Amino acid sequence: MSQDDSYFAARDLSMRFGGIRAVEGVTFDVRKGEVFSIIGPNGAGKTTIFNMISRIYTPSGGSLHFAGQDITRIAPHRIAGLGIARTFQNIELFSHATLLQNLLIGRHAHSHVPILSQLAFLPSVRQAEIDHRRKAEEVIEFLGLQRYRDQLIANLPYGVRKVVELGRALCIEPKLLLLDEPSSGLNVEETEEMGFWIQDIQKDLGITIIMVEHDMKLVSAVSNRVLALNQGRILSMGTSAQVQSDPEVIRAYIGGAPEPAPEKEAAI
Amino acid sequence: MRAERVIDGHASTCLTSTHNERCDGISSTPKGKRAGMDELVRLVQLAINGTAAGCIYGLVALGFVLIYKATEMVNFAQGELMMLGAFFAYTFVGMWGMNYWVGFALAIAATAAFGYALDAVVLRRVIGQPQFAVVMLTLGLAFIFRAVAGAVWGYDSVGFLTPFTNKVADFGGGVILGQDNVSIIVGTVILCAVLYVFFSRTPLGIAMQASSQNQLAAYYMGIPVRTVFSLIWAISAGVSAVAAVLLVPVSMIDVNMGILGFKAFAAAVLGGFGSIPGALVGGIIVGITEQFAGRFLPAGSMELTSNIVLLAVLIVWPQGLFGQVIRKRV
Amino acid sequence: MRAMFRTSYAQDLLLARSPAAWGWYGLLMLVLLAIPHMLGEFYVGEMAGVFVFAIAGVGLMLLIGYTGLVSLGHAAFLGIGAYTNAILLTKGVPFIFSLPAAGLLTALFGVLIGIPTLRMSGLYLAIATLAFGSIVGIVLEKWHGLTGGFDGLAVPTPAIFGYVIEGRTGVYYLSLAILVAVLLLAMNILRSPLGRAMVAIRDSEISAQSMGIHLAFYKTVAFAISAGITGLAGAAYGHYTNYLAPDGFGILLSIQLVTIVFIGGLGSLHGAIFGAIFISMLPQAIALSRDSLPFGLGRLPGLEPSLFGIILVLVIMFEPAGINGRWLKAKRWFGEFPLHRRAAFRRQKSYAKSERLR
């Protein structure tokens, strides 16, 4: 893939925690408008890569680029302004706020009203609030969350919270959406619905998606390309079918043939 | 601590409650070469005084840290537990005339039982509430304990005779220390050794470590976690009782002696709140800094200095000196 | 339950939830304005005290209840505000300037303590603010030339545009005015992006950053606003007591302020008001009931702090949502009568969530 094609790129990315190499020498490109999935067994380093992109961790080596800009070391709160949104594996919603407030917080990156105006709640602030509310309502409608609008997150079921997490990310109006295990904890029906939403987000909203996932059915259904990781290194990259039939990938998930048992010393 | 006396024009805090002319062997007329030697001896005395005071702070801080490591509760009533331990000891040894060592042991047992009951009756019910709520709870308990102690034992200062009161130990070279200070330091060392062996070698101690690191896994292993936590409270209270009794030769017992808890708390924070050795190191740092500040800085600036030092340390090491930086895995 | 029919987004931004609510609050305002004409001087003075604590309560609530930053040294801000106002008045600065100056200077101190503590979390922040509070208290004591030290400082009577604010009635209206202004400010904050950013920081810092919230900036702003409001409370406090002594701004007052926020109900402005009422009335209530307590308990010294402690313990064990929590439950009960579900507010037994990881 040429440099021009690459909307998002990781170059020789690595992350070390003390002696542990969580991610080592990872390089990949994501094209604009595609759904790019990252798969791999537990501990492969998938969420670590996401955490590096959203700047929760600083990479030990390598670089990250988005829309031509080097984002390896920018401040964490600037990621949203660049158009990158993410969901979290274990749901990081604001549990003592309502659903609507969570979505409105998602609009923060688009809020440019000075603090003093907010303290006085000037008409400009009021108008901005109404605009944000309108945008949040669009997301609520897209995801069908109307009946939960004014409820505290702490009172909502898990499946709904996963969807709210997605909605909050959408409120950022991202260009790049990072989905961290969107189907974990969801039943079959909910997973299918999540799949439809991912496709809608790609087609209707034109958002590029990078997804970490374990559910192979979902991966096959929505992904354009897949990257397989194991123990921090790339195993394989290609279409979903290619990667899933790669013998290296199969070995990483299922394990190879067992070693023959060593000769035991004769018992006394 | 108590008994501020003025020697050579400087306020010097002596850790004895006696009215001896000599304060830990400091000569009152230094001159020439002898002045240099005396100055050195004086510095050693300050360091020892500071270490002894620091051991007390450290033991109370240890009580904090034991509870915090296990249950993440901050016990703002730790100083008051120490106060209760002191009053129990006073009742046994001072009022009922028991043998010092028997009374000591009984006081530890009584305070430990009280700590156990406290957890079982009150604190178990607030599991699951935010940390801030528990802080307020223990603050409320501290007020209650003070009032109850005042009602039972009165508001006057009391004390009782120990084997270490008013005695000195001669270490040669002009270094003469009060046996009270030495007993504090030695007692602390012994207690820490006992605790170390307990936590690392005995099954119960290991169960406690397990419960503090991972409650759920401990339950799975068949460890009765809630009982174990109550036992940790018992140990923490017992440690505070030890600190209280060690303190008796040096300071009077009264209802407000729990104020020490704040300094011990600062010591625990300094050391990094989850670290047991950190608590002791923090305590000793606080104790020694106090002594030297009292000696070398203008009178009355001790409290200001200790607060500034505390703030400064936290700014540079927001997790305390030995604290671990814990990050959430998302 | 009353059904609310909304027809525009602007309706959700209004200060009161419904026309009925406007009515009730309006009535309350009228009653409060009329009180000095109805009750005696003593009660008017007591209510002025409630207002002062309510102002400080709102300031602290914004910090603890909404941003999740615990401060155990807020009495320092009360003191800074009180002394700034009083000192400027003694130098002849008109009250119309000394009051906002007190607020602004205190806000600056808020920034001063907010910035170094940005990296500290929970427990350590609480200790750092405790140390800060102590330091300010000691400085107020020692800086004899500025504050008069232990001799104290008499607070001059203020005047606005020639109209002298004197007596208990004057202080009453003054603190009521400041309280209303501060409440409006707080409500504006809570319905704008700033308020949401604060709540986001309280609930999940990592998530907040991913939403574009600059942690350092917003934490500092929260400290500044909280300190500023508390500074205004301090200025009013000075006129309430007429005489400032530095030992009145120590750890005990800080604990009282935190108790106001806590017993009132974390995370609600109503809570700050309820808490202030409660804390102000407690000494009176204890004094009144002293004689009727059994076993001669009323004659014991140290009754007040012990009752204070008992109340704290009972509140946390049985109603951690504070007075506001009870108030909401009661409203709900009356609103749904007779169809109230018993399980509606039952607390779940939950495991202890680790606060080391936020």
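Letters A, B and C mark the chains as written, and numbering starts fresh at 1 in each.
Here is the rule we use: a residue touches a chain if its C-beta (ideal position, glycine included) is under 8 Å from a C-beta of that chain, and two chains touch if they have at least 3 such contacts.
Please read these numbers as outputs of a predicted model, since none were measured by experiment.
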item	value
Top chain pair, ranked by how many C-beta pairs fall in contact	B-C
Most widely separated chain from subunit A, with each centre as the mean of CA atoms	B
Distance between chain centroids, defined by C-alpha means - subunit A, subunit B (Å)	49
Where subunit A and subunit C are represented by their mean Cα positions, the distance between them in whole Å	41
Computed distance of Cα centres, subunit C from subunit B, in Å	34
Interface hub residues of subunit A, defined as touching at least two other chains	56, 88, 92
Subunit B, residues touching no fewer than two other chains	330
Per-residue multi-chain contacts in subunit C, two or more chains	206
Of all residues in subunit C, those that touch subunit B in their complex	64, 70, 116-117, 119-124, 126-128, 130-132, 134-135, 138-139, 142, 206, 251, 255, 258-259, 262, 266, 300-303, 305-306, 308-313, 316-317, 320, 348-358
Subunit A to subunit C touching residues, read off their complex	54-56, 75-81, 85-86, 88, 92-97, 101, 104-109, 111, 113, 115, 118-121, 125-126, 129-130, 133-134, 137, 168, 172
List of subunit B residues in touch with subunit C within their complex	71-72, 74, 122, 125-137, 139-144, 146-148, 150-151, 155, 215-216, 255, 262, 265-266, 269, 273-274, 303-304, 307-308, 310-311, 314-315, 318-320, 326-330
Complex contact set, residues of subunit C against subunit A	9-10, 12-13, 185, 188-189, 191-194, 196-197, 199-200, 202-204, 206-215, 221, 225, 267
